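Read through the structures below before going on.
Each of the next two complexes has chain A plus one other chain: chain B in the first, chain C in the second.
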Partner chain A sequence: MNNNLLKKAGGYVDSKFGTLAMLPALIGLSFVLVYPVIVSVLWSFTNKSIMRRTTDIIFLENFIYLIRNRELWISMRNGLLYTTYTILLQILWGCSAALLLDRFLSNSVSKPLRLLFMIPWTFPVIVSVLVWGWLYNDSGLLSTILFNQGFIKEPMSFLASKHTALLAVVFVHAWSGAPLIMMSTLAGLQSIPQDQYDVALIEGANGRQTLRYVILPNIKRILQVIVVLRCVWIFNNFNMIFLLTGGGPGSVTQNLPIMAYKYAWNSMEMGKSSAVSVIMLVFLAFMFSIYQWVNSKVKGDNDAF
Partner chain B sequence: MPSNQLTHPKTIIARSMQTIILTSVSVILLILAIFPLFWLISTSLRSGLDVYNPSLFPTKVSFESYEFVIYHSPFFTWFINSVVVSLSAMGVSVIVASLAAYSMSRFVTKWKKVLSKSILLAYMFPPILLVLPLFMLFVRIGLLDKRIGLIFAYSMSNLPFAMWLLAAYFETIPKEIDEAARIDGAGNNYIFWRMIIPMAAPGLATSAIFVFINAWNEFVLALTLINSDANKTLPIGLYAQMGGKAGELVLWNNRMATSALVILPMLLLFLTLNKYITKGLTAGALKG
Partner chain C sequence: MKRILLFLACMIIATSFLYSGASAESKPEPVKTITIWCAYSQPDRIVAMDSAIAQFEAINPNIKVVRELVPWSNIRQKWIASKMAGTLPQMVVGGDADLIPIWAAGDFESVEDVIELIGGKEAFLPGPLNGLTMDGKIIAMPHYTLSWKMAVRTDWLEELGMPIPKTWDDFAKAAIAMTNPPARYGFDLPMSKSAYKAKEWLAYFMRTNGAEFFNKEGKVNFNTPQTVETVRFLVDLYKKTGRQAALNYSENDAIDNFVKGNVGFIFAAGSLVTAIVRTNPDLLDKVAIIDTPMKSTPPVDGAGLVGIGKFKGVAHSAETSKFMAFLLKQDIYREFLFSMPNMVPITVEGSKDPLFWEDPKIANYIHLYGRFMDGAMNGARVGMDYGPTPITNSGITGSEIEDMFHSIIVDGVSVEQAVRRTHEKIKSQLAAAGY
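Take a look at the complex of A and B:
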């Protein structure tokens, strides 16, 4: 290692050891953060494709093509709908489970129940997809029961129907994500001092008032952070949708990541795919600034971030 | 009088209503949480037409599908690949991240905020954006369809999360400990490897578990970076089987048996390491 370089780094990092310790991570992060961003931005201005011999710079043509194409707006709308439904269901599901465990059940019941509630979290995406795909299948349990009870006229596949596909995927995503929200909310609930509840009891607060004035203010910060981070991850979700429906039927479950993937791997248009990626980066930047804003209001909660 | 209030008929009705509502919510949440696992196992133990029977339990328990998965599919090749890739990614990621996180909490003087913010940004980064650039890079440097390439991709893409967790953990270890050791003449290497690392063991365990789980579950990078059957990990192996051939009958009992075998290690891991996992979840590991 060049000693001069290390000394220069000394302005930012306190010692040679500190610099060397940081180095592998910086190299790694440049591969998984800096490099993909640079490549995506550069390619988004070209007509790069495996099908063409040469790559030309076409400036904003990809973006203009995408903006004029209905597909982008449909994917964006699907993504926003998908994110809204999923986050709402996840929060409702996770928070009610956490409240139940913390407030209403005795320790002997809530401890084993907490473990059981966590089970969906242990499912790898591919297994969630296989199980739910089987439950949703036209010869699967849900369809068979509904058919036998006479609720539907013929067996149906919930992932192949235009009307149910999006909600069916949302439900699986909420099911797999709710346990983590439950755990984080539970941590917040457990940190509420007992005397706050005692005061509420003495003041004669009913259940709703206790929720409004004792519980919510205490878990508000945790919920804000969860909601922002979750929204980003759900909006960026690829695996769950791709494996359950592949974006179909038609394009009712197609979001931006699926669109970017299809451009790159189905029609081999790397340039257009990168342009979709850049649009996703803009969304990320927007959400990141919201996160910073939320976090700046949360003083001293997590100082370094 | 409080006792009068408690025995008042209206209060009794309200209380029993509350009990009914709470019990039914608990039961619904419980069924939603465990039914898919139950149904997976139930289906995997069926054979023939019994698979399509909407009864809770198999009419006759059969291990036919497990025999098929174990003897007639590349399950164990994929299983071993998954173990090798996930364990290696876990090792590399935790070592690199702990070094960096320690350096961040002790040595970085300027730009500490920028650094921690870019880690968070990387944590929020859409994984699909890595796929195409990494694929093209791997084509160029010959890492395509190699497990070592996947290990590299997994250990690096898990760095932001591991650094995030560990940086917060190192902040909780008092800096006075380092300073006291330095006065006694200990070098940085000694302080880090012999003193800080043992003290940070619970944090390291948590981040190791999470990196392992992320790598075990990862799908889209494996899908694009690995082609040959011999190098596939479990998720993409299962995905390849999912495709099937047109008109071919889907054998759901075999699929469920494979799923049961994939999920078994996760359940065991969760039950034995539950304590660390809970700690990690509450420390901000919200990903999923």
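Take a look at the complex of A and C:
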């Protein structure tokens, strides 16, 4: 009898071993990832404030307040613009650098250059922000050169001008994130079989046609994944914008994470801050589901051929 | 069987990590450790605090004091995050505007025991002690007081043949006449959204125009014609005499520019004198500390108290009180005051100490420091025109005033609309805090 029980236990553990072994890590991750999301969602339905000793459930009041507030839509718009400009720049720089390294330079030149191009990615955000903050300053290098050459009438801070602040922050973020796109694209490029290039050459394809019919189809999948991930990270970005401009000047660079921060740490209204976070979560989930739907349609149409 | 043993081994290892964390905390400590969040970041002040800690530990070998640097602007975030995590320290150094909300949230215990250890209320100057008394309780031990006053380049005024301005009109004329970009600017209003200084500079001018943030009953009284007039005055000044980059300036940026010698008027604390002495001593004879130019009512300087609050419900309360009282022991306190000579003593003994007042560090510049010291005794914190109150930091909790200036200058919102919106925002934040 005991032997049978032991055998059954052993068999159960055998079949569920993988799951059981993952349990401690899953429990830890739940505390770190799932618990804050649950708490945030719960708080979004309350008037929780650090300065208030009691908390009441107010249902959808926070969401109604935010949806009626211009600030939410301005922050959403800024976030979308910021994401679009940054990802486009990152793809342009990253893919161009990858093509340069893979197709136009010899190995002996390409390898050290690869390390050089990776440097922005290795900088901690605070270091990048400090350096670019100085460059963008009214007494910084950029302003001094432009003023001395007569392009501007007096020294200017690029982060304090409503015409340049958003683009200035986009540039810094694109500069620091392009190496990731470069490395992912390079990995894809290096997996393209040489005979595809040979066939294209034989068929008389020029550079543009080779790019369109050989290179892009091969790196499409990698780019898709990395672009989706980068879009989420850029849309959620807080530290780069906060450290450079604090969301200013005016509301020119304020995005949703900064808006959530202001409610939490300036106004100490954790309820409203959580509601902004929930709105962000819902929006990103909605965008991702649209992407999945479009992707499946495109795949379906391709399969039809 | 092997897999069962391997699984059990994994569970034991995982559990032991958790246990070792818990058991590390439950081990009895031979030495009592108390932690102070300290915002003093200037090297001399850090040296003075560390010296005080070393001397205290030498006398009390069973008490260890850990000084943790928490910048002024981070006190609130640190308090909130630590409160949520249950990791509050024993003490925190903060301005009255930071300490009062912590008291109002119920996280401080009153420090009457510390005051008794120092010699009772009679050992303190009445103003500083009253500034940290609420609901009849002393909420934190005062450490020093300071003020902000206007500084001006007297040599530039002489070049222009203009007197020290006493009114808004004189001030505007002088600032505009001084402005000759990019070499000289008349007045830089620092409007960085993370520095919260525009609020203070606005308040100094508002007081000279009969405007206020809160009335005597504690109600928001921001949206008045006087406030609109003051905001419009400062916005016009920014456009005519300030740098475009001032939208992102902290007060330190404005002070740096003044010390470098390219701005005519700023507000600053007495640390400005120290900065000039160290960086550009030629400027000493060309600077005067003046009253804020007035519109209709006499100016009231910006003043603030810095104190040390004691968190409630943490361990080693008696040891904490002992250390706090030690910091005001006269020779320890004197060394601390010398570390940054714009700090005004708050004890009776300190205010009469000849070793402090006759020291060359103070005596040589008393014509400048003296003005700041007068302001410290007679001034008021922003929003506390009628005495200490928690509503200031519950209503004006962040960058509301800086947001207002940005909305006018960058987004083109009218002054009247921006002031009205700010009034409503302060009101709603007060309501959210339960006032």
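We take it that the second predicted complex is superposed on the first by the 266 of 305 C-alpha atoms of A that agree within 3 Å, B and C clash if a C-alpha of one lies under 4 Å from a C-alpha of the other, contacts with A are read in each partner's own complex, and residues count from 1 in each chain.
Going forward, contacts are C-beta pairs under 8 Å (C-beta built on N, C-alpha and C of every residue); 3 or more make two chains touch, one makes a residue touch a chain.
Note that the coordinates shown come from a computational prediction; the quantities given were computed from them, not determined experimentally.
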item	value
Fit-or-clash call for chain B and chain C when the two complexes are aligned on chain A	clash
Touched partner set for A:L113, first chain B, second chain C, both or neither	first
Which superposed partner A:R52 touches (first chain B, second chain C, both, neither)	second
Of chain B and chain C, the chain that contacts the larger number of chain A residues	B
Contacts of A:S273 with chain B and chain C, given as first, second, both or neither	first
Touching partner for A:G79 - first (chain B), second (chain C), both, neither	neither
Touching partner for A:G247 - first (chain B), second (chain C), both, neither	second
Partner chain in contact with A:P24 - chain B first, chain C second, else both or neither	both
Contacts of A:W265 with chain B and chain C, given as first, second, both or neither	both
Chain B versus chain C as contact partner of A:K162, first or second or both or neither	second
Clashing chain C stretch [against chain B; choices 23-31, 59-67 or 77-85]	77-85
Common interface residues of chain A - those touching chain B in one complex and chain C in the other	13-14, 17, 21, 24, 137, 242, 265
Complex interface listing, chain A residues touching chain B	11-15, 17-19, 21-22, 24-26, 28-29, 31-33, 35-37, 39-40, 93, 96-97, 100, 104-105, 113, 115-128, 130-132, 134-135, 137, 139-141, 144-145, 148, 175-177, 179-181, 183-184, 186-187, 225-226, 229-230, 232-233, 236, 238-239, 242-243, 257, 260-261, 264-265, 270, 273-274, 277, 280-281, 284, 287-288, 291-292, 302-305
Complex contact set, residues of chain A against chain C	9-10, 13-14, 17, 20-21, 24, 47, 49-53, 137-138, 147, 154-157, 159-162, 242, 245-252, 262, 265-269
Complex contact set, residues of chain B against chain A	22, 25-26, 29-30, 32-34, 36-37, 39-40, 43, 52, 54, 96-97, 99-100, 102-104, 106-113, 116-122, 124-134, 136-137, 153, 155-157, 159-160, 163-164, 167-168, 171, 188-189, 192, 216-217, 219-220, 224, 234-235, 238-239, 242, 252, 255-256, 258-259, 262-263, 266-267, 269-271, 274, 278, 281-282, 284-288
Touch list for chain C against partner chain A, complex	1, 3-4, 6-7, 10-11, 14, 76-77, 80, 83, 101, 104-106, 181-182, 192-194, 243-248, 394, 397-400, 402, 406-407, 409-411, 429, 432-434
